[in-house]
């Protein structure tokens, strides 16, 4: 199979879909993004990289960051984490307080906002301070992507804080149930800085290799998580990775994946490769419209779906 | 009718009910209150005062303060306030986020916590700063009670802040719907200081006179709110004044009233008198157990129910 | 006070409000009602009757029937009924299943649909069969109104059955919680026949006298319910009588009352008189728009509000 | 890989887990099942069959039947079905009315009870009558299992009807939203007869082959559904197949699967084989406890997980 050719075909075939979605506009820093952009990259377990489009263009990874934070927390706490965060799909939209209230402050999974905030709170518990907590997660992302130059866009982070009162409400609610252990304002700020990390699709596809390879980075040979933990993360990406459209994504694409409102999506072909796509226009469920289409074309053309 | 004799009888008859409830224990400052205390006071429109028990003992008025804050807001904003706060019973427990989420951040009425926080936010909009906002409400309470010595117990307020993350979650949620206009942390702090205002039953019964007299203070002759606004507040106290037990209270007592977790309850006999009772043990719905019983005895003995 | 003159004035003053509401259209039998109709009647405890407009025109009493069914059940079962039906406002729209599910099949009060269906089920338990159950309630209505000619419009009842699947869902849900004891389809049918009872405002105002007079019919002298039970029903009408607009009605009108989607509203001035009004156009909350206005004018003109 | 040996090992290794779960007891017909039973079967695409335990013992397939009904509906209606049933995980327990009410009578997916009842209603629309509807689905099950002797246990079906008021409530609620087109009582009865179909693990593992083989029965060569539809059903089994424990199952087992409260679970290894397991004791989420363990051992031993 000629992966580069597949990517080139996809780049052509998604063109008609531009203009059908809407760039995220809840914060100015995202609303000003030029909509008709596209990039896609594949990194194989052997380290070969293929890409098409604006593959070096950095963008805000947003909820894709949840995968890295959860990985670090799962590695640090193991099964103890399940007492504080569930592993089931949520059914409700990604930011609903209702389920959180009915379930006594325990978020359904680590990929809804409440769950990711709780993951950050857990990591805060083993770090010196807020800064060190953020740095630890960022350092892990750099290591997974094998790229030291990755940073957070503080302008985006500040903008998130300003408009992020719903997330602060989630944090306060978990705090009221004693499931959050640190200051909600501080923990939420770390979370927003994480969402504001800027990466490109080449870096992201590289950073998925440990999940495509049973928890071991196939290039460095380092063990990041156990095989069981890697399977757990992949299963969660499949069942909960796309908010209220996870079922649709499981069918359309048929791969474990995680999207962000910045327009990025990462995905994993177990035993084969890591994938990332970026296109800022979102569909009505908040996932990259052209990105989802591109991943669907990829599994159709290559037959690499897990189903 | 000999009101003093009625009060004396009630004080006797409620004795068997001591020990059946539980003092609020969500903050240390309230948990340490001696449970078997009781006080009741009546002030007539003419200014005559009757009382029994620990009538000069100050206690934390807690949610009773919501009546005063709402009065001030209704006087300041009139019907414009109804765009930001409803006037219907809530059905859910007093601090539920569910309804607030489904109704886009508009609290159902000013006597649930979210509603009272919003009232404070509205008043903040016409005051210089946070301090001035609190002072304005406190000054109104002093005026209604005709007593300058009323203050807030800052130790209780601090304790509330420390344990009040659910209320902060409510404030943040309303902020996320753009229904709260100021900083949630600051507004919530003003609200907690208000809950921590310390008064005795004599002062509270005096402070109800404007509601028993169609909006006009019968002693000073000053108009506090319009007749229509006074009726509105009384109607709200009847339908929403006792959290999830408002229907029960409407039946058992048959008077507009408002309770607080400090064990105080105020009530109004329209055209006749103001009432206040205090007994720190709460029933399972969070209202003073002995206080509710005392008010029930009062309307039974005097026939002064509105039904 | 010249009650007849008050009614005549009201009839004039409500004219501008015609055309602002919508006749209930969920069943054909109600949708075909001529909208611009109006009637109002008052019956004093002494039996004097005043009326204006189409006071002899029969209409479908709909949810007003809930008052009579609950009266009969309260008389038959007393406080035992409270184990199966609550007495608190519901907050949610009148036909919501959500609260019923979260509260294990126990309806919040007897004036939401689920509560009224449960009342019918309770009465079914002390009657020979379905027919006898319906007949017993109808007979009680005739007695309260002192009018033998009252019947149910079976065409309306059939139409309700055909479109009443949400009510059947409520009944089935209560059955699944073992709170409904008889066949949901049969019980729901009795309920619909009850809603389809046709009465005029003169009959309805007469039928309220026992509630205005502490449980005793002031004309016949017969005790219908105890004083406590009469107060309970009045308190429930005040807090729960108008679906999701009960707080608004408590303020605007300031009397215990109950509305129906047929455009009728009954109300009670304790110690004075019974009232009924009819005007088929409904406001957005499902209560008679012109009828509510007429009652508001009545308490404004007579000063007879309970607040 | 020696599949028979794998099955034999599993049968040994699950023994310690007997007695840790509870047989479904909501109907007498299921409550009387002997708990410590176990059976497991594998059928390869080539038609080779392996089994262990009580592999010929028939049991009530219950919710496993939803897979067959949905297959038939998807084949008959294609994408048009998505207007009436969603494809997303539900988050709530399998029989909740809450979500159904908030989403206007459209069930989240075909594997919650409401969804399966709607599937039956859709099939009813292309059949002569209720009997023919049931017969069509049963006939399809027989064809998929290549076994004519499969029938429904009418004693179980009757028992379900008697205790199935929550399901009837779901049907009535959907009817009230006009999403159910036929009589709720009749449709629900067909659904219960379907749940009462009795099969053994050999038949069930055989019946999964079309899903393991892209929609084509590998033995008969007949096309049952399109490749896309087969992928859709597999994706739904993975994300929604185990009620409120679908995420857990996706991780523990890592295969598309569907469980029933009769203790049966079917699963699919795409491109390889069909699986079925039976053990009547359920875990707290309502899935076969020993059956889930057995499937987890199967993917661990064979490495056949999709992740």
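Each chain carries a letter (A, B, C and D) given by its place in the written order, and its residues are counted from 1.
Simple rule for what comes next: a residue touches a chain if its C-beta (ideal position, glycine included) is under 8 Å from a C-beta of that chain, and two chains touch if they have at least 3 such contacts.
These numbers were taken from a predicted model, which means no experiment stands behind them.
S.K.: When I count C-beta pairs in contact, which pair ends up with more: B-C or A-B?
M.R.: More C-beta contacts join the chains of B-C.
S.K.: Using C-alpha centroids, which chain lies at the maximum separation from subunit B?
M.R.: Result for max centroid distance from subunit B is chain D.
S.K.: What whole-Å value do you get for the distance between subunit A and subunit B if each is reduced to the mean of its CA atoms?
M.R.: 47
S.K.: Could you tell me the distance, in whole angstrom, between the mean C-alpha positions of subunit B and subunit C?
M.R.: 32
S.K.: In subunit B, what residues contact two or more other chains?
M.R.: none
S.K.: Okay, in this complex, where on subunit B does subunit C touch?
M.R.: Where subunit B meets subunit C, its residues are 86-92, 99, 108-109, 230-232, 234-236, 238-240, 244-248, 250-251, 254, 256, 270, 305-307.
S.K.: Can you list the residues on subunit A that touch subunit B in the complex?
M.R.: Residues in contact with subunit B: 96-98, 101-102, 165-166, 168-170, 172-173, 175-176, 184-185.
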